[in-house]
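These are the structures in question, set out in turn.
In what comes next, chain A is part of two complexes: it sits with chain B in the first one and with chain C in the second one.
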Partner chain A sequence: MTDVTLHATPRERDVMREQVRFIALALRRETLVLAVVLALVTIRIVFAIVRHCAASWFDGDPSLAITIASFLFPFAVWRGQKRFGPAFLWTLPVDRGRLALARVFAGWVWLMAALVVVAAWRWGLALVAGLSPIMFTFAGATAMYLFGSAWILGLRHPLRWLIGATGGFLLLGNLVEALGRTPSGEWRIVTWSSALRWAVYGPYGLRTLLSSHGIFHAAENAAATWRTLPGFAQWITTTLSWLGAGLLALWLATLRHRERRRY
Partner chain B sequence: MNEAFAVATHGLSVRYGRETALHAVDLRVPEGAVYILIGANGAGKSTAMKVLLNLVRPGEGSAEVFGLDTASHGPAVRAQIGYIPEQHEHDYGWMTGAQLMRHVAAHYPAWDSEYAAHLVDTLGVRADKKASTLSKGEARRLQFVLALAHRPPLLLLDEPTDGLDPMARNRTLAQLAEHLADTPTTIVIATHHVHEVESLADHVGVLRGGRLVAQMTRDDVRTTVIRYRAEVPEGWRMPAELRVASARRSAIGREGEWTLIGDRADVTARLTAAGATIRDVAPLSLEDAALAFLAEEEAP
Partner chain C sequence: MLDLQDVSHVYPNGTRALDRVTLHIPRGMYGLLGPNGAGKSTLMRAIATLQTPSEGAIRFAGIDVMAEPEKLRRTLGYLPQDFGVYPRVSAYEMLDHMAVLKGVAGAADRKATVETLLQQTNLWSVRKKMLSGFSGGMRQRFGIAQALIGNPELIIVDEPTAGLDPEERNRFLNLLAEIGENVVVILSTHIVDDVADLCARMAVLADGRVQLEGAPHELIDSTRGRIWRKTIDRRELDDYRGRYEILSTRLVSGRTVIHILAGADPGDGFDAIDAGLEDVYFSALAELRRAA
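Moving on, here comes the complex of A and B:
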């Protein structure tokens, strides 16, 4: 029996707080870039508002950009961090799986903060321009962030896999274009498989997720906008399904970093 | 009375693919000891430390730190350990030394900020510089601060003097000795530069090809690893039961010099019984003794 007074492990809330602080520090460069981009775009939009031609700035649907940015955000959160092998992170006195999840959570906090800022910025400018702002899909961004985190944590070479997958996706895109759409507007390649069709165009599919309820909408166009959205029950089922899938993917990925309990 | 061990491994074996890194290793590091783990490159020293931190899973066997199984109490075990890895480069090269210290401190409730500041001063650490811009020696000294400042009961130091210039090395080792005097600590030092840390050591283990070929106290080394100079008859052969670490026979004449491992009285008696006339007996330094163990297999 040892006579040594053993040291305690850190409290979970201290670890969480430190991870949030750590990510803020790690993303300073990205934050600066975002601030500069927003400032430059603001100047251009203000000029456009003065000339009464700002509508084009608010026409586009940002959901695809948000989806891609949310998926890629974990690359910034985990930048430079060795995840496999005897990395510094795993020498800390915290359960490895929990530490990985704490960092994912910290990244999510800052992703949501960034989305709120961008949404508020867009909303404010749209109001000044007298236009209707586009809604932001926070739940969709969260789901994509979870998948991106699972990608980073689960794969030893996530960037290589991403480049490979993107290349494959582009090839597939050409094929999709070549095959065209059905009369009902669905991509033919997706309708080739009933399961794929269900996953994309089904009542709980990707399209429903990406058109999810946002928190901002323009007063004058609200009714029209809401009519095009899925019903709340359908949306909540879709959102929970995709979040659940994202969490499952994340959990499976963190299993690769669990404490070495079994011999 | 049972001796309490800070580190104990039981039949520890680790394989990397077809390569055996550790084979049935039974380390015993008493509490409060300064244990030098000696071995050539690739002998398994770093792997043994990684098993203690639960960074590497053993194929067979188990390891304990202060009685805690490393596999089932990973976080609790790591809370007791200050670790200096073999590599100098830090994963968070974009952080300054001060930021890195604050980050590490958040994970160790026992972190002593005043002591950390003292270490920064004493070791001459540039806390304002980014970790990626530090020289090897500066990075190593920063690693010392990170490992020592929470006053861990166990320090695992993997080639700790690697990258330090002679002055920095002396200052760092003096600080380590001071730390040892102030704080109840067990230290395991993995190195192949034994002479640098010889003054601190009181226990030694020798790893060769993943096997622990020797484990003893410093006093035991002094009494069991000995160089014998003897005169022997023509055609004389060393008794097969003696462990020969190294041998040197003069080209002419009948005198030779052997480093033998075993109880001095017993070895002397066996040599004499075999017809050798012993002229001189000399104990070895810790480094020469370690070299003797490392060379044992290749000895004629």
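Moving on, here comes the complex of A and C:
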């Protein structure tokens, strides 16, 4: 029993809703930048459509850019937030692990919203141009967002690790380029390790995860494309596996944010 | 109301930040004085449920703080030394966000709470300004505003006036004094005047231990007749250090004024003075040095 007045603890749904609202407020600048970029690119594409040379705008595969953006998005979601040590927010009557997950969820909501806008924008412009664009997979973006969130929540210095990893990746990239591809089109360096080959080119590898764009591309060149597409069962297994791995990584990362108590 | 019983904390690197701290803190303003590294912030974090001490017990109004931290958080307001949350949102938006996370669910309640706190902390005119653009004093006032959400009965403020200009400091201390009438407010600081002006009771913490505890006027009385002052030439200072236990030195108009601790008249031109809280504080630290 206590003789002081305890105020109510916030309800889960209020915390969730509030995080979604608050992340939107905190990301206003990024939203504005995205809007300006889309507006500028739209102007260029409209000019290209008028001159009947817009095809190159829709030929490119945006999956890599979306993957990178989805992985980096948690950096914007968590900017300015002290994640480790005695962070001030942990004195609020909300479990720190749940609060962290609510923030991850809120970030995902806005990432999906942004991707829907980008997809609709790309699709709409392509329709105007009379073309069929290559699209990207939302599930792949979600998996990458989960890995990015796990990165942020699991590492004390995520930016340093990111810079280090990027440096290593670029070096590796140069090596990859130098070694070239096999006759079947696979990067030679990836084929040296059977595990790596499986993770990238295997039936449930990264290529399958990011291959949903082919479904859209198939409209244009159906016969050729459908032959190279993974089957639906294979694609869904791959997607669920990667989402599961992302969730597992996130869960492991949130273990670092558990409440520690003596009794 | 707040009881700490033999609270100790040892960091993984072996540093003993708190050493069997036992305190009873009643309602009202309570000052916690100590030099840098005394263990004040560790103690504040332990009370604020941010850090679990290695040993001991903390109870607040029947709540076992270490067993039920979430319960204490329902009546806790905490202003850390480094508030640290400065996203690109306005003061109003941030306060509203924190009100939700503190369980103020109703929109009308929340609006009333946020607006009242912004008025009380004199931030109403800058409520739409981004927090990242706030000055140090404005941030501290915002910090106290967020600490007051939900009418907490335990408020912890850690080094709140560090870096504030005199006007901001005065405004902040007046605000604390108003709040501290009905709830427990723990003011941790190394600025003696802050405690002297505001606190009904206080403790001096050094080397992780409580060196002194009591009402400021009682502590001042306890040193009555033991503090002596003399104005000397600066070049004589080393000589005096060798002969007396110097508590403090201050340069006034190019001359050095020294305060020493002595049980009887030391002669040598020293005058007895009425001790201040600063003398009490320095004498506690001097006794600690002597014991070491």
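The working rule: the second predicted complex is superposed on the first by the 240 of 263 C-alpha atoms of A that agree within 3 Å, B and C clash if a C-alpha of one lies under 4 Å from a C-alpha of the other, contacts with A are read in each partner's own complex, and residues count from 1 in each chain.
Throughout what follows, a residue touches a chain if its C-beta (ideal position, glycine included) is under 8 Å from a C-beta of that chain, and two chains touch if they have at least 3 such contacts.
None of the values given here were measured: they were computed from a predicted structure.
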Checklist entry - For the three-chain model obtained by superposing on chain A, do chain B and chain C clash or fit? => result clash
Next on the checklist: On the A-aligned overlay, A:L25 touches which partner chain: chain B = first, chain C = second, or both, or neither?
Outcome noted: both
Checklist entry - Does chain B (first) or chain C (second) touch A:D14, or do both, or does neither? => result both
Checklist entry - Can A:E186 be said to touch chain B (first), chain C (second), both, or neither? => result neither
Checklist entry - So, does A:K82 touch the first partner chain B, the second partner chain C, both, or neither? => result both
Next on the checklist: Just checking: does A:V4 make contact with chain B only, chain C only, both, or neither of them? Give me first, second, both or neither.
Outcome noted: both
Next on the checklist: Let me test your reading of the model: by the given contact rule, A:R96 touches which partner, first (chain B), second (chain C), both or neither?
Outcome noted: first
Item to check | Contact residues of chain A, present in both the chain B and the chain C interface | outcome: 1-11, 14-15, 18, 22, 25-26, 80-82, 86-95, 259-263
Item to check | Complex contacts: residues of chain C adjacent to chain A | outcome: 45, 48-52, 60-64, 66-67, 69-71, 73-76, 78, 80, 83-89, 93, 97-98, 100-105, 150-151, 153-154
Next on the checklist: Using the touch definition from the top, list the residues of chain A that touch chain B in their complex.
Outcome noted: 1-11, 14-15, 17-18, 21-22, 25-26, 80-82, 85-96, 259-263
Next on the checklist: Help me check something: in the complex, which residues belonging to chain A touch chain C?
Outcome noted: 1-11, 14-15, 18, 22, 25-26, 28-29, 79-82, 86-95, 99, 259-263
Checklist entry - What residues of chain B sit close enough to touch chain A in their complex? => result 4, 6, 31, 50, 53-60, 62, 66-68, 71-72, 74-76, 78-80, 83, 85, 90-95, 99, 103-104, 106-110, 150, 152-153, 184
